[in-house]
Structure formats: structure tokens, C-alpha cells
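Next, two complexes with chain A in common: one pairs it with chain B, the other with chain C.
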Partner chain A sequence: MTGWASFVAMVAAGLALLFGLPMVFDLFGLLQMTVFVAMAVLALSQGFIWGYGGVMSFGQTAFFGLGGYTYAVAVLNMGDSTVPVLLSVLVPTLFAALLGYFMFYGRISDAYIGVITLTVTVILFNVVNSTAGDFYTIGNAALGGFNGMPSVPPLNVPGDPSSPLDPEQTWYAAMGALILVYVLLRMILASRFGRVVVAIRENETRAQLLGYDTRLYKLVVFAIGGGIAGLGGCLYTNWGSFISPTVFGLAASAQVLIYVLVGGLGTLLGPILGAFGIQYLISLIGTQEAVNANLVLGAILVVFVLLVPQGVVPVVRGLFRRVPNGRRGRVAEAAVVEP
Partner chain B sequence: MALTGLILFNVANSIAVLVLLSLGLGVIYGMMKIINLAHGEFLMLGAYTTVVSTNAGLNLWVAMLIAAPVAVGLFGLLVERLFIRFLYGRMIDTMLATWGLSLAVIGLITTIFGNTVRGVAAPFGGFAIGGYQTSLYSLFVIAVAAVMAAGLWLVLRFTRFGLIVRATMQNPNMAAALGAPPPQIYMVTFALGSALAGLAGGVLAPVSGVSPVMGSAFIARAFITVLGGGPAIVTGTGLASTLFGGISEVATFLTTPVFGQVALLLAALIMIRILPQGITGRLLRRSL
Partner chain C sequence: MTAPLLEAQGVTMRFGGVTAVNSVNFALREMELRCLIGPNGAGKSTFFKMLTGQLRPSAGRILLRGRDITGAEPYRIARLGVGIKTQVPNVFDGLSVQENVFVAAARRGSASQARRITAATLERLRLTAIAGRLVGQLAHGQRQWVEVATVLAQEPELVLLDEPAAGMTHEEVLRTAELIREINQTHALIVVEHDMQFIRMIARTVTVFNQGSILVEDDVERVLANAAVRDVYLGKQAA
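Entry: the complex of A and B
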């Protein structure tokens, strides 16, 4: 498919799900899909900065959790959810920009970036975990330490705190946000900026020699990724009216990487499908006692890294797209160019 | 005066803990440029080995100083043979694979031992610095860290094995041409790093709660220390431990242990901005 055709097809599929799922699922099913969508937004942020920007963030949940906490604190103080939603994107964006400044302008290697982002997540976890007690309140909002923040007010109709969204409307908001993020990322990738970003991923030195300040491009990509992850965190907090430090946990960070790796690196569809698939798997594992979820997720990660490092979506696309004379290079090339 | 003594003792202890935590990681990273994200779980396995074998009636010292490193070293050997060796040169992939391993090990240990905190009683009693009572075991931890670092340095500096390891580190192809096959060296080094992690886990078991997720409490500090140290394994880890251990202990004394960790992270971020290659990437470049 060409760029436009795949774009239209994806958005149409998204809209079909947006309006179709409420007819197919009961309320419980729809609620479950809503949290899957929040995870898919997080997966998109990881898929964007890793698959296109080549930035190896191991701590995307830092921004996810930060977005969730920002929303919770702000909405408890303000009542109306409009500004808190914006803040839940803005604060992680700024935090990512600050962190990105130290990392990219320090010109540290990819592996170091992985370790630093991972460390930031771990330390955020420890910090938020220790904020139990009355001392740690921001305005009306008690951070609650390891107990998390319960009864966070839900989204409301913008500007009208007295009319909160019911679960079905929350689904529309969440899925709508996912579609918007997808469209935004497609537009970014189709723009001149997006092309430079992909060029940097392909060969950073060459991009520098062509006169692009690769540090700045990576910084902006990282900040955008942080903002999107923050939006995901906001949706997640909304879904359960609850947020706790486990969102910063190592298991959570690993899950995001697994979404992207299983779905397919260098695609936007892959992370979304990966998030839905893995989340579904986790909910299945949760219903039985025999197998531990960490064990399964860890095994999946190891197996995919060793055997299917490019992920499911590119492999499937490759099967459909094999040209008659069997030039295998086309497959990899297609995965690079088309989201 | 006594308070100063106590703080100095705590700083020394904090440095020793950092050395213990990061030396195994440093060996593996310095030699093979592999960042073992399952390092925390290697420590955890060392701690569990100690707890389990002590409960089975083994002498605590034997369990801690012999059983833990041997068991984890063998586990590391197995891991290297099973999948690390397929991933040499693919740094990000090794990080992902070892992260998968870390999750799987956590899951496995949770399945076997349950998600509970165990512990072994710390031996020795306490001793007094002026009016302050402190643990004698901390002194032992400091001693073990010093012996471990010194031992590693002596091995790398003076033995034939150390010579081969350093040669492989500098130029694997040349070492191979001279008859030292890098795959074997890597295998042994990975097992050595794992054994050091196991030893650290064993020694720290009495002073920390032993649970399946205990690794995550350590790894952030271990990674920062190794990256901050730079290419020289012993000197780098030692210097970075001293710097970060000192900073975090002083911050802990002034605020809370959690903000001690935050101070450590901030110090690391600033240092990476100034010295992206780590301390020994710029200074003391010819050290070990």
C-alpha cells in the first residue's frame, strides 16, 4: 500500500473500532479495551522514539507515570479536568526535554541512554513509593506513597466539572486520543522533520555531515515521545480512577518494550497490536495460578530478541509483499519507509 | 567527633556496598561491553542461595562466601552458553535479552519461593563509635569489598589469565591470532562476573530483605556506578563508588535514604554531561 492508502485504511479501521466496539462489547469488555488503548498510546510513544528516532529509552513508563500523577494531582486540585489533561502532556514533555538535554547533549551512546532512562524510572519509583503520609500533599492531593492515589475524578466535558464522562464516553475519549496520536505521528513522519529523524536513525554521522543538529532532533523526538506517554498515563489513571507507583516499576517498563518488539520495530501499527496482544495475554495469565506473568513475559522477550528481532508486523507484511523474483531486501526496506 | 566518625563509617560502608554491587557488572561490561540487565537478579540469586543453604544447615560463611558465588557463577555460565553468546556485538539486543531473563528469573523465583521477604540474621553484634552503636557486620562488608576489588586487580594485573583477559579486551582479533580464543575468554569472564554478583548478593543478604524483586533496589545504583566509572574495571568502579557513595550517604544523612538516591542520580546525570566516557574515560586512562 502506498502512504496515503495505508493512512486512510488505518484511520478508517480506527474509526470503525471507535464506533463498533461499544456495540459488540458489554461494559466490562469495553472497560478492558479502554485500558488496552491507554497502553497502546504508551506503546506508540515507545515505538516512535525507538523505531523511528532510534532513541533507546528503557524508561518510557517514567513519563507515563508522571503524566498519570500530574493528571491526578491537578484534577484533585482544580476539579475541572480540561487543564489537568493538558498538564499531563506538558509536564512529561518538559521532563523528557530536560532529561534529553543531559543525555543527547552529553553525546552518550545508545546503551547509556537505555541505562539512564531505566535508572530514572527506578528512582521515580523509589521516590513516589516513599511519599506516604500527610507531609507529601500537593494542594488537596495526597500522593499516598506505595498505596497510590485512589478516587481520582474522571474526565469531564471540557469546562463543565459537573458532567463527568461515563465509561462508554471514556472509551470514546481514549480511542479518539489513540487515533489522534496515530494521525499526529503519521504527519510528523511524513514531514521534513520526520524524514530527518529517520535519516538520523539510519546514520547519525551522515546526518550530522549534512548539517543537521542531530542532538536537537533527538531531543525533540524524545520530548514528543514523553508527551505522548504522559497522555497514555492520563488515560490510564482515568480508566481506574487510580494510580500507584507500580506504573514506574521495572516490569511495567519491560512490558512497553515487549509491546513494541513483539509488534514490530519501525512501524506504528506494530506497537498498537503488540499492546493489545500482550495486555490480553496478561489478563489471561491473571485468571489462572500456575504460570507467573513475569516468567511468560520474560520468555517472550528473550525468544523475540533471539528469533524474531524485527517483530510480527514486518514479518507478516513481508509474507504478503514478497515480490516475484524474491528480493528479500524489499521487506526490510518497506518496513523502514512505511509506518 | 563521634558523630563525624559515625558518618565517615557510614560513608565507607555505602562505598563498599556500591563496590560490591557493581564489580560483577563492571567486569562483564568492561570486558564485553555487555550491560547485563539481569545483574540485579544475579544478586538476588546469590542472596537466595545463601538463605536456602543456610536453612538447609550449611554454615553461613560457607553459604555466603562459597556456595553463592559458585551457584551464580554456574548459572551465569549457563546463561552465556544458552543465549548471550549469540548476541555479542549487538549491545541493545543483549540488554533486551538480559532484561527478559531478569523478568523470567523473578517469575521463576516467585513461583518457587513465593512473593515473601526472607532473611538471614546478620552475624557479629555491634560496636560503639563514641556514643553511637553501629553494626560490626558493616565492617565485614567493607572488608569483603576491599578484598574483592584488590583480588580482581591482582588477578588482572599479575596472572596469565589476567593478561589474556586484558589483551582480549583491547583487541579481540589480535588476541585470537595469538592463540587466545575470545569466545572462551568471554565465557569465563561472564561466569566470573556472575560469580562476583553472586558473592555480593550473598554478603548483602543479611543486611537486606531477600525477596524476588530485591534486585530492582540495587540495579539503578550498580548501573550508574559502572557507567560513571568508565572503561577501567577496578579503578573506575572504585572511584565512581567513592564519589557516588559519598554523595548519596551525605544526602541520606541530611534528608532521607530515598533522596540520597535522587542525589546520586543527579550527580550521575551531571557527570555524564561533563565526562560522557566515565571517570576513567578521561582521567587515569591506563589504569585497570
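Entry: the complex of A and C
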């Protein structure tokens, strides 16, 4: 498919799910899909900065958690959710920009970027985890330490706090946000900026020798990824009216990487499908006692890394593409440059 | 006398105890074509890396049209009009030939201008027929040309080519020589090569590097007849 055709098809599929799922699912099912969507937004942020920007952040949950906490604190103080939603994107964006500035302008090597981002999320976990007690309140909002923040007010009709969204409306908001993020990322990737970002992933030295300040490009990519993860965190907090420091945990960080690897690095659809598939699997495992979910996740990761290293989406695309005389081996790599 | 396009004054590069380039003084006129030769490890690539900001000299100054660019960021030097084809090809392997050239052309100007430059550059380097291929799939010679295409598409004033004919077939070498003369009608160039036949095809003035220093710098025929040059190349493909 050409770029436009695949874009239109993807958005159409998204809209079909947006309006179709409330007819198919009962309330419980729809709630579950809503949290899957929040995780899919997080997965998109990871897939964008890693798969397209080549930035190995192992701590996207730092921005996810920061977005969730920002929303909770702001909405508890303001009442109306409109500005808190914007802040839940803005604060992680700025935080990512600041962190990115030190990493990219400080010439930190790629491997250390993984270590630093992971460390940041661990630090946030420890900081937020130790904020139990009345001392740690911001305005009306008690951070609650390891107990987290319960009773976070839900989204409301913009500008009207007396009209909170019901679960079905929350679904529309969450899925609508996922579609918007997808469209935004496709537009970025199709732009001159996005094409340079992918070129930098391919060969940073060449991009510099052509006159591109690659540090700035990576910083912007990282900041955009931070903002998207923050939006995911906001949707997540909304879904359960609750947020706790576990969002910063290592298990959460690892899960996001698994979504992206299983779905397909270097695609946008892959991380979304990976998030839905793995979340669904976890929810299945959760209803019985026989096997441990983390064990299954670990096994899935090992199987994929060994047998399907490109992830599901590139492999399926390779099968559907007409391939002249046995060049199939390279097709998966060709898919790396497409959304 | 007009000021040189490029000038190196006492440029030195030390790696720990190794002095790869030692107090080199070098000047290139506008529109000049200079060949740089010398045995393996003479410091030619290291010199190029300092000219393009990939390495910061341990000592000395580098001037581009009188402007001090010593140790500037590679992207700044590129913007001032220096383009380089590196010895080990630096291309975007996962992207198509066309996309490689477009990214180079798109740094400045409008999108339509970038598309125009891309199409013209692909045509000039005879890459139009393979514009859609992934660069990682191409043969070595073709990948080198893609890299040269990206360098030209960025419209530099000074073109540095580090071993452009290495690993090419005889026809490709001839075409590369022709191309270099063509580029030289509008650009200044410095070309590093080991292939003496190739040097004879293109060179006027030749600078010989040996152990980090300039051994001689003279007209091509005199350099190739020089006994000291023959000595440092002894055991190699002497002229």
C-alpha cells in the first residue's frame, strides 16, 4: 500500500473501533479496552522515539507516571479537568526536554541513554514512594507515597466540571486521543523533520556531515515522546481514578519494551497491537492461578527475540507484499522506514 | 593574491602517544583540485576528519575563507560549505537512494527546490534507475556514488573525497575520474587516493603525506617521479 492508502485505512480502522466497540462490549469490556488504549499511547511514544528516533529510552514510564501524577495533582486542585489534561502533556514534555538536553548535548553514548532513562524512572519511583503523610501535599492533593492517590476526579466536558464523563464517554476520549496521536506521528514522520529523524537513526554521522544538528533533532523527538507518554499516563489515571508509584516500576518499563518488540520496532501499528495483545494476554492469565504473568511475558520476549526479531507487523507486511525473486529477507528491513 | 579557500596552519593530531598528523601547513585555492596521497596510516583520513570537525586538532588552526573553524561542530562546518565522502562509506543504509539524496538536499530551501536538486543529482550520478532501491542492498561502487550524490546535493563549496575509487571496477573508476573533473568545474576538491593510475587521470597538484607530515607537494609528474615518494611507496603499487 502507498503511504496515503495505508494512512486512510488505519484511521478508518481506528474510527470503526472507536464507534464499534461500545456496541460490541459490555461496560466491563469497554473499561478494559480503555486501559489497553492508555497503554497503547505509551507504547506509541516508545515506538516513536526508539523505532524512528533511534533513542533507546528504557524509562518511558517516567513520563507516563509524571503525566498521571500531574493530572491527578492538577485536577484535585482545579476541579475542571481541561487544564490538567494539557498539563499532563506539557510537564512531561518539558521534563523530557530538560533530560534530553543533558543527554544529547552532553554527548552521552546510546547505551548510557538507556541506563540514564531507566535510572530516572527508578529515582522517580523512590521519590514518589516516600511521599506518604500530610507533609507531602500540593495544594489540595496529597501525594500519598506508596499508597498512591485515590479518588482522582475523572475527565469532564471541557470547561464544565459538573459534567464528568461516564465510562462510555471516557472510552471515546481515550480512543480518540490514540487516533489523534497516531495521526500526529504519521504527519511528523511524513514531514521533512521526520525524514531527517529517520535518517539520523540510520547514520548520525552522515546526518551531521550534511549539516544537521542531530542533538537538536533527538531532543525534539525525545520531548515529543515524553509528552505522548504523559498523555497515556493521564488516560491511565482517569481509567482507574487512581495512580500509585508502581507506574514508575521496572516491571512497567520492561512491559512497554515488550509491546514494541513484539509488535514491531520501526512501525507505529506494531506498538499499538503489541500493547493490546500483551495486555489482553495478561488479563487472561490474571483470571487464573496456574501460571505467573511475568513468566509468560518473559517467555514471549525470548521467543520473539529469537524467532521473530522484527516483530509481528513487519513480518505480516512482508508476507502481503509482492516480493520479486527471493529478496524477502530484506523486505522486513524495508518496512523499517514505514509507519 | 587572493586568500585561500582552505588553510591549515600547524595542524596536529595526537592519539595518546601516536602523532597521526604532525604540524601540517596546507592551503587550497578557490576551485582548485588537489590530490592527497601517502601510504597507509600516513594521516590522510585523520586530516580530513579535522577539516570536517569530526576530530578536534590537538594543535593548530584551520581556516575556511579566513574564518577559524578549528574544532567546530561537524554540522556547522558542513553548513559553511564543506562536504565529505568518508573512507568508510557513511550512507543511510535503510533508506532508498532517492531518500538519501533528498535528506541531503532538504537541509535548506523549499521542499520543491529539494526535490528538484534530488532529481538533478540522481540524474547526474546516473542513479535515477535505482532511485527506489535500498542503499544497503547496493554494490559497493554504487553505495559510494550514493554517498557522493548526497555530498553534491548538499551543494558544498569544497568537496572532500576519501578514496572514491576504492573497490570499484575499471569502468566505475573511469566514470569516477570523469565525474571528479566535472565537479571541479564548479567546486574545489581534495581527493585522497591510493590508485596511481587514477591519480594520473585527474591530478594537477599532488600533496604527499608520510607519517603525519607533508613529504612533498608539487606538480603530479614531478611528484610521481620523486625518489623519496617512490621510497615511501616501496612495496606498494609504485608509480
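Some notes on this structure:
To be clear about the criterion, the second predicted complex is superposed on the first by the 333 of 339 C-alpha atoms of A that agree within 3 Å, B and C clash if a C-alpha of one lies under 4 Å from a C-alpha of the other, contacts with A are read in each partner's own complex, and residues count from 1 in each chain.
The rule we apply is simple: a residue touches a chain if its C-beta (ideal position, glycine included) is under 8 Å from a C-beta of that chain, and two chains touch if they have at least 3 such contacts.
Please read all numbers here as calculations on a predicted model, not as lab measurements.
Residue contacts after overlaying the shared chain place A:Gly277 against neither chain B nor chain C. Between chain B and chain C, B contacts the larger number of chain A residues. After overlaying the two complexes on the shared chain, residue contacts for A:Gln208 are found with chain C alone; chain B is out of touch. Of the two partner chains, chain C is the only one touched by A:Val198; chain B is not. Legend: residue contacts after superposition of the two complexes on their common chain; A:Met56 is shown touching chain B, with no touch to chain C. With both structures placed on the common chain, the touch criterion links A:Gly176 to neither chain B nor chain C. Taken together, the two structures place no residue of chain A in contact with chain B in one case and with chain C in the other.
Chain C makes touch with chain A in their complex at residues 52, 54, 73-75, 78-79, 83-84, 86, 90-96, 99-100, 102-104, 106-108, 111, 114, 134, 136-137, 147, 150, 154.
In the complex of the two chains, the chain B residues touching chain A come out as 33, 35, 37, 83, 86-87, 91-93, 95-97, 99-108, 110-111, 216-217, 219-220, 223-224, 227, 256, 258-259, 261-262, 265, 268-270, 272-273, 276. On chain A, the positions that touch chain B within their shared complex are 56, 58, 99, 102-103, 105-108, 110-112, 114-116, 118-120, 122-123, 125-127, 129-130, 249-251, 254, 257, 261, 291-303, 305-306, 309. On chain A, the positions that touch chain C within their shared complex are 192, 195-196, 198-199, 201-203, 205-214, 327, 330, 333-334, 336-337.
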